[in-house]
Each structure stands twice: as C-alpha cells, then as structure tokens.
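Multiple structures follow.
Both complexes shown next keep subunit A, but they swap its partner, so subunit B is in the first and subunit C is in the second.
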Partner chain A sequence: MIAVIRSAATCFWAVMRTKMAEQMAYRSHFVLSVILLIAGDLVVPLITLLVYRSGATFAGWTLYEALLVQAIFGLAKGIAFPLFFGMVNTTLGLVREGTFDLLLLKPRSVLWMTMLRGLDLDDFGRLISGGVLFGYALSGVSAPSITGWLQFAVLFAASLAVLCTFALLLSGLLFQWVGSSRVFDIFDSVTSFGMYPGTIYSKAVQQLLTYVIPVGLIANMPAVALLGRGGWETLGAAGASVVFLALGLWFWHAMLGRYTSAGG
Partner chain B sequence: MIRTIRSIQAIGIATYKEWAAYRSHMAISLLIGPVYFLVQYFIWHAVYQDRETLNGFTLEQMLAYFGIAAVTNYLTFDFADWNLQMLIRTGKFVTFALRPMPHWLFALSQKIGHRSLGFWIEFVPIFLIFQFAFQVDIIPAQPMWAVATIVLSFLMNFFINYCVGMTAFWLVRAEGIRRVFLLLKDISAGLFVPLSFFPEQLQKVLFFLPFQFTSYVPTRVFIGDYELAGIKLSIPAIVGVQACAVALMAAVTLLLYHAAIRRFSGVGV
Partner chain C sequence: MTMIEVNQLTKTYMTHERGHSMREIAMNLIRRPMKEVRAVQDITFSVNRGEMVAFLGPNGAGKSTTLKMLTGVLHPTSGEAKVLGLTPWKQRREYVRHIGAVFGQKSQLLWDIPPIDAFYMNKAIYGVPEADYRRRLDQLTTLLQVGDIMKKPTRQLSLGERMKCEFIMAMLHGPQLVFLDEPTIGLDVFAKESIRDFIKDMNKQGVTFILTTHDLDDVELLAERVIVINHGEIVYDNALTNLQRLLGDKKNVRIVTDTPIRQLSLQGVTVVNSISEVEAELEIDTEIIPLKRFINAVNEQCGIQDMAITPLPIETLMKELYGQGSRTMTAASATGVPAGVAAQQGDLSM
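Up next, the complex of A and B:
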C-alpha cells in the first residue's frame, strides 16, 4: 500500500515539475491566464453585486451570504479543475489524434495516467479568486461554529467528488463523441444551477439538484452548513456524491472499453 | 464585384457543408441554451418576488432580454479571433497570404456559411422553445429594424473578433490576451446583465465603446426601446448609430489588417 502511494506521489511530482517548467517557458502567458481565470470567476459575483446594488435580493440571503455560495463554488473549482478537468482535455485531444493508445501502454492505471497528463497549473488561479471572495463573504456573516466548519469540511469533500464525477462523465463521453469541445459548455450550463442559493429554486428542483444531478452539493450545501442553517441530516446528501462518483468511475471505464483506436 | 460575390457564396456553401457534417456539435445548443435560460428564469423570478420593476425592467422584460440575447447570439456568434490566431501560430496563414482574396473576407464568408447552418440548427428551434415552452415574448417589436440590427451586430462581432485575432501577428502567444478581451467584451455588451445595471458613469463609458452594438443594442431593438446612461434613442436612431459604429470598426479592421500583413512572415507549410 505504501509503495503504491509512494509511486503515485512520485509520478505526480514528476509531472508537476514538467508542467511548471513548461509554463515558465511562457511566463507572461501563464500570468495572464491566471489573471484571466480570476477575472472570469468574478463575473457571476459581479452580477450578484450589481443586482443587490440595485436594491433587489434573493429572499432570505444577504449579499455576503449569496457571495459565500459563489466563493465556495470558486474554491471547489480551484481544486477540482487543475486536478480532474485536464482529463477532459486529454481525452478530447488524444482520442481525436488517435494517440490515446500511448496511455494504455503505460505501466500505471489508465485513469491515473489520463489525470496526470491533464494536470493544469493555470487553474490553481481559481483558488485565489475563490479564496479572496470566501474571505470577503465570511467577513460579512456571523462567525461559523465548530460544528459548522466540520459539516462544511465533509460537504466540501462531497463537492469535490461531484466535480470529479463531472470530469469523469465528460471525459468518458469523449471516447465516443470524438473531438467535441462543447462538453465544457454542457458542464458550465448544468453547473450554473449550483452558483446561486438553493432556495431560489422550487422544492422539486432542489431535490433534483441534491440527489439526482447533485450540483447543489458543489456550493450551496457547504455554504448552508457554514451559515449554520443545515443540520447533521444534510450530511446525508453527501452520500449522494459518493453514489454519483461511483457512477462516474463506472461510466468512464465502460466508455474506455468502447474505445477503438485509430492507430495514430 | 460579381466574382467576389460568387467567391463569398462558394466559400459560404463549402463552410455550411463542412459544418453540417459535424451538426451534433452545433445541435448541443438545444440543451445548453434552454438550461442556461432556465437558470435565469429561476434567478429573476426570485429577484422579482417583492417588486414590480428593477432598473426599468419588469420581470417579463428581463426574461425577454435574456431570451433575445441568447437567440440573437446564435445568429451573430463568431470565432474569427480563435481561427486567425491558430492560423498565424501554426504558420498556416501563409497559404491565405498567397490567395487572391484578403483573409478577412474569406473569414467573413466562412462566418456567413457557419451561421446559416446555425440559423436552422440553433436559432429556429431555440426561438420556438423560448417562445412556446417558456412563454417568453421574443418576437421583435419592429421586425425590419430587428433584421437590420442583427445584420449590423453580425458584422460588428466579426470585426471586433478579427481585430482581437490580429494581435497574434505581434505576440507569440496571444491566447491570454484574446480571452481577457473577449471576457471584457461580453461584460460590456450586456451579455451577463443589462448595461443599465452598471453605475451611471460606467454606462456613459460603455455608450461610446463598440461592444454594446454586438448584444445590448440588438436586444433593445427587439424589445422596442433603447436607453443607456440616461440617453433615450428611437429605434431608427440607434440602428443608425450602430451602422456608423460598424463602418468605423470596419475601417479600423482594414487598417490593422494592412499593417499586420506587412509584418507577417512565414516559412513553407
């Protein structure tokens, strides 16, 4: 077990070093990309700010509370995108070129190799925008209790599991739907439900967004936990993320089984 | 002149056929468009729970704003910037430099073909979904002016994006600049929220920038009234202003294009 972890860590750091060296070759582009990601992630909070500035509100949510949801969304993406979503780009590019076979030949798990190849340092920039917004939002709400923080930790892990599952589903889809970069548009549209307080949706939609397509788990439920509005029963929703992740893993491997090489 | 029109037609038809082979790529908009709109539907219903109007918009007008902005975007959508930067970075632009037609006109012809396909696959079905499934009134108040503003918006979007694409003639990797600029363009065009939500001083600045003509103006022309930074204009007047802005942007594009072509050097590809 220890040998497996050590091997995985060695691979991870080797790839990270290479990626860092690659980014440093185009430093200005790297810095610009990070700044852009930060700016891009602040667009939805900007809209929220403009809406609240004009005197309107989401019923039951102050500006800081609404921004907290969006900050947690940014933080989750700041971790999930660099680690998991590169898989989507890797599958998109390699399957189209017919060079995905090279990953099948490596002496490591195909999923692990796909993930490693897709590691993307730019996306860590999202942690900056998410972090700054998180601090700002927290400054305007009552300090969360220890229980709130504990619930948040569990639900945030569930949030990462949900995002990882989306990466698996999109990446798996690309084994059959070759070269369609619009999978990112599908992701953005579906997860946009998760960027706003859950109470703006009808009860039925809220249930759907918690247990069926659990995008409500990405940011809304962790925010609810921090605000002290969720009981321990909300942790039950985290179970949905585990089922969702298992589904994602099964789907990815099933789609990999359907991959037919173009012999590139 | 007739030869040029025939060339534009031939390139447009070829692009139409090429993209028709990948129509599922475009047809995915049938899922994405309504899903995005559904989110807007919930957001604005929640915001309007305790009020009749917000920044001069009623709930119906706000939903119409986002519905119209979405469907008109399917008519004017453009990626000339990405395409041009790719051609320059890979060196493939050299083959276009040798052709008896400027690349900007070739790219515009491609856009005409691409959006003609988008009209059937994206615009018509989503227009019907918004109009009948969401019950949002997106039928233009003055159809002839709506057609005129869409054509102008189509051109404005192209010229702005093409200028952004031309930064690749001067920069090694212009991808970052392109994305920053397009983000600012989308915000300044009122794609995320109507421009009347911005502070008064910023609205005055936005009035003089070309970006409002890509989305905000066509949307307001569809609705039937125009106002920005306290300036109210009739529909014919704002479409006239839009036409002048497009002509100015076209002149800037041509100037930049000639400067860029003089700078370009490529090796055998």
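Up next, the complex of A and C:
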C-alpha cells in the first residue's frame, strides 16, 4: 500500500513539474490567467457587497457571514478546479481527437491519468481570491471555536468531494456527448445555488441542495460550521458527499466503457 | 515462441448515418438513424517473438481497429487475443507496461517543453528505476543521434527530430512489443533512413514490431511478413517475398525503341504508361510470354535502344490485393505450397 502511494506521489510530482515547466513557457499567459480568474471570482462577492450597501440583506446573515459562504466557495474551487476540473477539458479535447487512446496506453488507472493530464496550475489563482476573501470575511465574524474548525475541516473535505463528483460527471458525459463544451454551463448553473446562504431557499430546496444534489455542501454548510450554527449532526450531510462521490466514480467508469476512439 | 495469438476477433460498432441536404441535417436533430459497422470480422493470426510484421490495408479496412484492440484501447465484440500471455483489454494496466506505441500523427511529447521533460514524466508514470532510465536514455540517444535537441522545446524541433524523440518516449520503459502507426509519415529521406535503421537495430535486439503504414518503402525495407486486411478481413498473410508470386510472375519493363511502340502487338504485354511514341512502361506476364521471347519479339518489331527490367512494384501488388477485397485466395496460389500445409505453417489465412 505504501509503495502504491509512493509511486502515485512520484507520478503526481513528475507531472506537476512538467505542468509547471509548460506554464513557464508562456509566463505572460500564466500571469494574465491568474489575474483574470481572481477578478472573475470576485464579481459575485462585489455584487453581494453592493446589495448590502443598498440596505438589502440575505435574511439572518450579515455581510461578513454572506461573504464567508462565497469565500469558502472560492477556496473549494481553488483546490478542486486545478486538481479535478482539468479532466473535463482533457476529455473534451482528447475524445474528440481520438487521442484519449494515449492515456489508455499508460500503466496507470485511466481516471488517474486523465486527472494528471488535466492538472491546471492557472486555477490555483482562485485560491488567492478565495483566501483573501476568507480572511476578510473572518475578520468580521466572531472567532470560530476549535469544534467549529474541526467541523469545518470535515465539511470542507466533503465540499471538495462534491466538486470532484461534478468534474467526474461532466467528464463522463463527454465520452457520450463528444465535443460538447457546454457541459461547463451545466456546472455553473447547478452550483450557483451553492454561492448563497442556504437559508434563503425554502426547506424543500435546502434538503434537495444538501442530500440530492449536494451543492449546499460546497460552501454553505462549511460556513455554518465555522459560524458555530451547526451541530455535529450536520456532519451527517458529509455522508451525502461520499455517496455522491461514489456515484460519480461509477458513472465515469461506466461512460469510459463507451469510448470508441476515432478513425485511424 | 508466439507473442500474439489472435482468434476470430470481431469488432462491430454503431454509427449514425447523416445526409447532406439541409432537410436531412435538420432531421438529424430529431432522429438519428443508426447503422452497424463491422470494422473487423473474425480475424485470426499469430505473431512470433522478434518478428517484424507489416499490417497493411486501404483506409477504413479495419487495421487501426485491430491495432486498438491489440493495444487494449478497444474491447472487441467477440473473439480472443492473447498478447504476451495477457488479454490486452482485460489486463490493460499490466499489459501496457510491456508494450510501446509510436503514432506518426499523434504525439506523446508535450508541445511547449523539451522532450527530456516528457521523458522524465514517462519515467515516473511507468515507474522506471533511475539506473535503467539513464542507461536506456543513453543508448537510445546515441542510436538516434539526438543529443542536445532533447533540451529544446518540442515545438522548435523538425518533424524528423520530433519523431526520433517519439521513439525514445515509446522505448524508455523497455517494451518487448512496439506498435508503429505511420512512423515515417512526412519525413525526409535522411530522417526515414535513420528511423528505419533504428527500428532494425531494436528488432535485432529482440523487440517485436507491428508496423502499420501506407509507405510501401517502409514495408519493403523493414518487414519480413505482411498481413493485408481489407473490408475487416485478412486477405493476405505471408512473407513479403511471396507476395510477388501471388499475382503470377509479372515484370515491369521500361523500354526505349527505334520505331513507335504502338506497332508492338504481343500477348501478355500491357502498356502501363506511354511516355512517348518510342518510350513506355510495360507490364509483362512471363507465364504467357517468357522474357527471352519478349525481348526477341520487341527487338524484331521495334528495335530495342534501351531497356530496364524490374520486379512488379509493391504498389501494384497492393492495389491488386486491395481491389480483391475479401475474395478468398489459397496458400497454393501464393506459394506453391498446398493450402493445408501452408495453413499449418501459419503462412496464409486468406
């Protein structure tokens, strides 16, 4: 087991090294991408700020608390996008060209190779915007307790599992819907529900967003934990993320079976 | 010792038919009629360790599909294949550790960074020990004379240099079996020669090669055995030297005469290309008209000024084979060996 983990880690760092070298080949593109991502991710928090300045609020949430949800959303994307969402572009491009074959010729799990191939360092820029916003939001709320931080850690891991599942679902769809770059729109539409405090939705929608399509787990529930509003029972919702992830893994592999390559 | 054993391998897939008219394109939004395509039908063959086999066929014949099944990329619809004792599509991870692949039209290198970085990445992916990696890299770079170019960004390399690096990428983990798909496409004569010499060297060291190409020079210079596939079926599987006999004993003659060649009237002689009134390329069937009689007759009728006799070009033979489609040919017609004996030797399966 240790040998497998060591081998996977060696592989990961070797790919990261080449990805870094690739990014450095076009430094200006890299810097510009990072800046644009940061700017793009700050749009929703800026709108939230404007909403609160105009006197309106999300019921029961102060500005800082609302921003905390969006900051956690940014942080989760800052980790999940560079690690998992490159898979979607990799599948999109390679399946259409028939060059996905090259990944199947490597002696590793196809999913692992797809993920490695899709590693996207630009997206780590989202960590900067998310981190800055997180610090700013925390400065305006009472300091979380140790229990709050522990609950947050578990729920944040669940948040990453949910985002990873979305990447698996979108990537899997592309084995069937070859070349459909619109799959990202599906992701944006569905996850946009997770950018706002959960209590603004009806109870039924909240349940849906927690246990069926758990986008509420991406940011709302970790924020609730940090604010000390969630009990240990909220951790049960993390179980939904494990089921969701298992479903995503099953779906991706089932769709991989539909890969037909391209004419030679 | 058998390395590849393929038994009645078949691959069919569904594809949708699409028309060209505006109405048909619009109808496609609502309903897509599906059609079954039999890409490969019941093919059976085996390849021994250390062989160099050319796998040929016209576009769409089924050779790429066959190779994709043999590399573990595609699952067959039915049939079996054992390569190196493993079933490629069932034991893919274990299997691909022992094979390599070079695609003339699909690069495994990374466009923006030097090949050496891609080699390093492959070392980690295959888990090649450092000492083996260094030794093989030294050996391969010496054989292919790449040296410093490995440190230049891939996009700045010439096609020939890039292809040499593709070979290094495919060989660094020490594969026993290598699939080559159009390895010399687009290369100049020097690069082609270098690549072919490398393949021969590796083959001498025991590496088995399966070569797919439309460059028949590659076939003549590299392969000992040829498998031709057409319409998903194997139409020829034998030594390259026997290919000539398959279509009878024919020769290609380029001739320059004193008087116009059109006056020439001989059975078994076909004008392939009339260059001028007194110069032409002919194809003669020596079973109908032996060479000696042909030369005497031409000299008497037109007066020979110059003449060059060569075996029939391999292109002509291939065109004949591709044109024959799935028509069954017997071993005896190709080799003179009775069909049953040839089949036992694994020579022909047409």
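In this text, the second predicted complex is superposed on the first by the 262 of 264 C-alpha atoms of A that agree within 3 Å, B and C clash if a C-alpha of one lies under 4 Å from a C-alpha of the other, contacts with A are read in each partner's own complex, and residues count from 1 in each chain.
One rule holds in what follows: contacts are C-beta pairs under 8 Å (C-beta built on N, C-alpha and C of every residue); 3 or more make two chains touch, one makes a residue touch a chain.
From a predicted model like this one, the values you see are computed outputs, not experimental measurements.
On the superposed subunit A, the two partners subunit B and subunit C both fit, without a clash.
Of the two partner chains placed by superposition, only subunit B is touched by A:58; subunit C is not.
In the superposed model, A:108 lies in contact with subunit C only, and not with subunit B.
Of the two partner chains, neither subunit B nor subunit C is touched by A:139. Shared-chain residue A:26: touches subunit B and subunit C both. With both structures placed on the common chain, the touch criterion links A:10 to subunit C but leaves subunit B unconnected.
Once chain A of one complex is fitted onto chain A of the other, the partner contacts of A:182 are limited to subunit B, with no touch recorded for subunit C. With both structures placed on the common chain, the touch criterion links A:39 to subunit B but leaves subunit C unconnected.
Taking subunit A as the reference, the larger set of touched residues comes from B, when subunit B and subunit C are compared. Aligning both complexes on chain A leaves subunit B and subunit C separated at their closest CA atoms by 6 Å.
Annotation: subunit A residues 26 touch subunit B in one complex and subunit C in the other. Partner subunit A is touched in their complex by these residues of subunit B: 24-25, 28, 31-32, 35-36, 39, 42-43, 45-51, 54-55, 172-173, 175-177, 179-180, 183, 187, 192-193, 197-198. Residues of subunit A touching subunit C in their complex: 7, 10-11, 13-15, 17-18, 21-22, 25-26, 98-99, 101-102, 104-109, 113, 257, 260-261, 263-264.
For subunit A in complex with subunit B, the touching residues are 26, 28-29, 32-33, 35-36, 39-40, 43-44, 46-47, 50-51, 53-59, 177, 180, 182, 185-186, 189-190, 192-193, 196, 199-202, 205. On the subunit C side of its complex with subunit A, the touching residues are 13, 60, 63-65, 67-68, 71-75, 92-94, 96-97, 99, 101, 103, 106, 108, 110, 112-113, 117-118, 120-121, 123-127, 153, 181, 212.
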